[in-house]
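Structures incoming, each one as structure tokens.
Across the two complexes that follow, chain A remains constant while its partner is chain B and subsequently chain C.
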Partner chain A sequence: MPAGATYEPIATTTLGSAQASITFSSIPNTYTDLVIVFNGNSTNSGSSTNGMRCKLNSDSSALYSGTNMAGNGTTATSGRYSASTFFEGGEISQASGTPTLNIMQFMNYSNTTTFKSFLIRSNVAGSTVQTQVGLYRSTSAITTIELSRDFGTNNLASGCTATLYGIAAA
Partner chain B sequence: MANTYKLIEAQTLTTATASVTFSSIPQTYTDLILTISTRPDSVGQQDLNISFNSDTTAANYPSKRLLGTGSSVLTDSQTYAQLREQSPTSTANTFSNGTLYIPNYTGSAKKSSSGDSVSENNATAAITMLTANLWDNTAAITSITIDNFSSSATLEQYSSFYLYGIKNS
Partner chain C sequence: MPILGILASAITNNLVATSYESIATTTLGTTTATITFSSIPATYKHLQVRGIINTNAGTNNWGLRIGLNSDTGSNYTHHNLRGDGANSNAEGYANESYMYLDRAAPTDANIFGGVVIDFLDYTNTNKYTTMRGLAGQDRNGAGQISFNSGLWMNTAAVTTLTFTLQSGSFVTYSQLALYGIRG
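Then we have the complex of A and B:
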């Protein structure tokens, strides 16, 4: 059945010009979980995708880790990062590529007693399908989420959309 | 408060049916979520092909899949947006489950979608499947059709399909 008053949009951004990042700040602590839906491309004129690098609470400490599983149509792989100063938000397709769809879920984001885990599904139909579980080793409530370009000068392209939803348990 | 995650239409099959279509989809949401629970009537490849606006040109739907069987993992390229369908030889009364997330379905960009689905089975092998899909078309999505990958198969009675609308404001 429909979830009623939950899955509420908290904030949404559509880029009118290319930018390095999208930030959701002052996230209310009134929900149970958060979902971000990102759809768009980078300005990369090359032929390969870029990774998206993200931060929580503007925290650049080496507190992020994650494990992913991916397939490119030919080879299935699994990778891992740890003690990272950012978390990997999935792939972003190049300017001429198929639009990326990355969906992120942050569970129990407002509690102040446990570390924060998250799930990410990354989709670039022309190149890769990926899933990831990640961890932010902080007991702070998540109040800010930043989605950024990877290394280099490739930005998030004009037209990228990102929406933050709040999920209520009751 | 936005009226989001709203049920647009539900369909539960009372008899075996070749395909299911959601038509005249309202253009008032931002994203769509399709949830399915299915089982076919005959053996074939157990996948559902999902197409938009009656476009049945397979080349317009590039897709990447990642599957786990319980003993191995594989990836391949497919066509159409895909979700897993239960095998007709699976444990009786078991149906596959899956969701397809379609963002910006009324926008002017090409349409991406993300599929997560499973066909659990009380046996050695079962499937969990992730798909990254594209409809290489900039038209707004006004209809969605769910077909069996195997054209001779039909969707069994009790298969169910729900379409939800998501608003971002």
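Then we have the complex of A and C:
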């Protein structure tokens, strides 16, 4: 029998000014999966994209890795990173580009037995579509998620919004 | 407005928490070959299955197979687009005996692949049932990511979902959770 409604908003941040990062902390362990929906641009003055740099539990150890697949309107490609000190949260559009829509799904985030896998869909209509599976090689429950600007000095632009949802299984 | 799965969660202002409900969850305490959700109520518009899986096959990159209403006939088709960290590839299969999510299951210790699967309009008896799914498993230097679609060439309402692996059984801590999305 159904166990009741879920997929609940936990927190939302909308930037009133350019910032280096958006952080969700003290995430309750009462859900099964987490979903983050991010929409916005970086302050980079270009019209292309850069990768978001993100961390879990404020952990800067080389415990992150990922495998991605992307299409740019001409070709489909695949790549990966390993033993990284951050995970790539998808592409973020530069200031004059189409705003980014990134959806991150953190699977079974609060169990303390398995490493944590996450699935990301990154959509920049003017330039690229990408999907990624990522791994955080830690058995710790995820309590903090930091979404950061791309490399260099560019920030997340004013108006960027990120919402954290929780999904609880029966 | 009901919210559907992977993409529609972007429509934050339209999210109605009561439209998305947990129906049932299987979390394995021992290695198991099959995970089944049966007697699925017809009270929703769409279904979503979310979970983490690992196989005891001994090697990585095995697919997740899905049967509907215990039908093992050659009544399914499926397509996928996948990336392996170096190349992207596409595949399609007709007259199969299951739907399929490509390369979804790893075997390495502590690493579980993630899956998010949507079954659309699953109670409609006027058309065949379609599925879309996102699956991936990264293993720090190896791994696969895949987009998947599936078709069950039957107009019956879906009441049972059966999940098996292309090779091996689901190991302990594998979990699949079934949700209903109201229309």
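The criterion applied here is as follows: the second predicted complex is superposed on the first by the 166 of 170 C-alpha atoms of A that agree within 3 Å, B and C clash if a C-alpha of one lies under 4 Å from a C-alpha of the other, contacts with A are read in each partner's own complex, and residues count from 1 in each chain.
Please note the rule applied: contacts are C-beta pairs under 8 Å (C-beta built on N, C-alpha and C of every residue); 3 or more make two chains touch, one makes a residue touch a chain.
Because the structure is a prediction, the values reported are computed rather than measured.
A.B. asks: Identify whether chain B and chain C fit side by side or clash on chain A in the overlaid structures.
C.D. replies: clash
A.B. asks: Would you check which partner chain A:A169 touches, where first means chain B only, second means chain C only, and both and neither mean what they say?
C.D. replies: After superposing on A, A:A169 lies in contact with chain C but is clear of chain B.
A.B. asks: I'd like to know which partner A:G159 touches here: chain B for first, chain C for second, both or neither.
C.D. replies: first
A.B. asks: In the three-chain superposition, say which chain, chain B or chain C, touches more residues of chain A.
C.D. replies: C
A.B. asks: Let me test your reading of the model: by the given contact rule, A:S82 touches which partner, first (chain B), second (chain C), both or neither?
C.D. replies: second
A.B. asks: With both complexes superposed on chain A, which partner does A:T113 reach: first (chain B), second (chain C), both or neither?
C.D. replies: After superposition on chain A, A:T113 lies in contact with chain C alone.
A.B. asks: Have a look at where A:G134 lands relative to chain B and chain C in the superposition and call it first, second, both or neither.
C.D. replies: A:G134 sits against chain C, while chain B stays out of touch.
A.B. asks: Now for A:G73: first (chain B), second (chain C), both, or neither, which partner does it touch?
C.D. replies: A:G73 sits against chain B, while chain C stays out of touch.
A.B. asks: Considering only the touch criterion stated at the top, classify A:E8 as touching first (chain B), second (chain C), both, or neither.
C.D. replies: In the superposed model, A:E8 contacts both chain B and chain C.
A.B. asks: Once the structures are superposed on A, label A:R121 by its partner contacts, choosing first (chain B), second (chain C), both or neither.
C.D. replies: Touch status of A:R121: both partners.
A.B. asks: Just checking: does A:D33 make contact with chain B only, chain C only, both, or neither of them? Give me first, second, both or neither.
C.D. replies: second
A.B. asks: With both structures aligned on chain A, tell me which stretch of chain B collides with chain C: 2-10, 38-46 or 74-82.
C.D. replies: Given the superposition on chain A, chain B and chain C clash at 2-10.
A.B. asks: Name the residues of chain A shared by its contacts with chain B and its contacts with chain C.
C.D. replies: Residues 1-9, 12, 37, 39, 69-70, 76, 101, 103, 121, 131, 161, 163, 165 of chain A touch both chain B and chain C.
A.B. asks: Write out the stretch or stretches of chain A touching chain B in their complex.
C.D. replies: For this pair, the touching residues of chain A are 1-9, 12, 37, 39-40, 69-76, 98-101, 103, 121-131, 159, 161, 163, 165.
A.B. asks: List the residues on chain C that touch chain A in their complex, please.
C.D. replies: Within the complex, chain C contacts chain A at residues 3, 6-7, 9-10, 12, 15, 17-25, 41, 43, 50-52, 81-88, 110-114, 116, 134-145, 147, 173, 175, 177, 179-180.
A.B. asks: In the complex formed with chain C, which residues of chain A make contact?
C.D. replies: Residues 1-9, 12, 32-33, 35, 37, 39, 65-70, 76-80, 82-83, 101, 103, 105, 107-108, 111, 113-115, 117-119, 121, 131-135, 137, 139, 161, 163, 165, 167-170 of chain A touch chain C in their complex.
A.B. asks: Which residues of chain B touch chain A in the complex?
C.D. replies: Residues in contact with chain A: 1-2, 4-7, 30-31, 62-66, 73-77, 101, 103-104, 109-114, 116, 130-134, 136, 164, 166-169.
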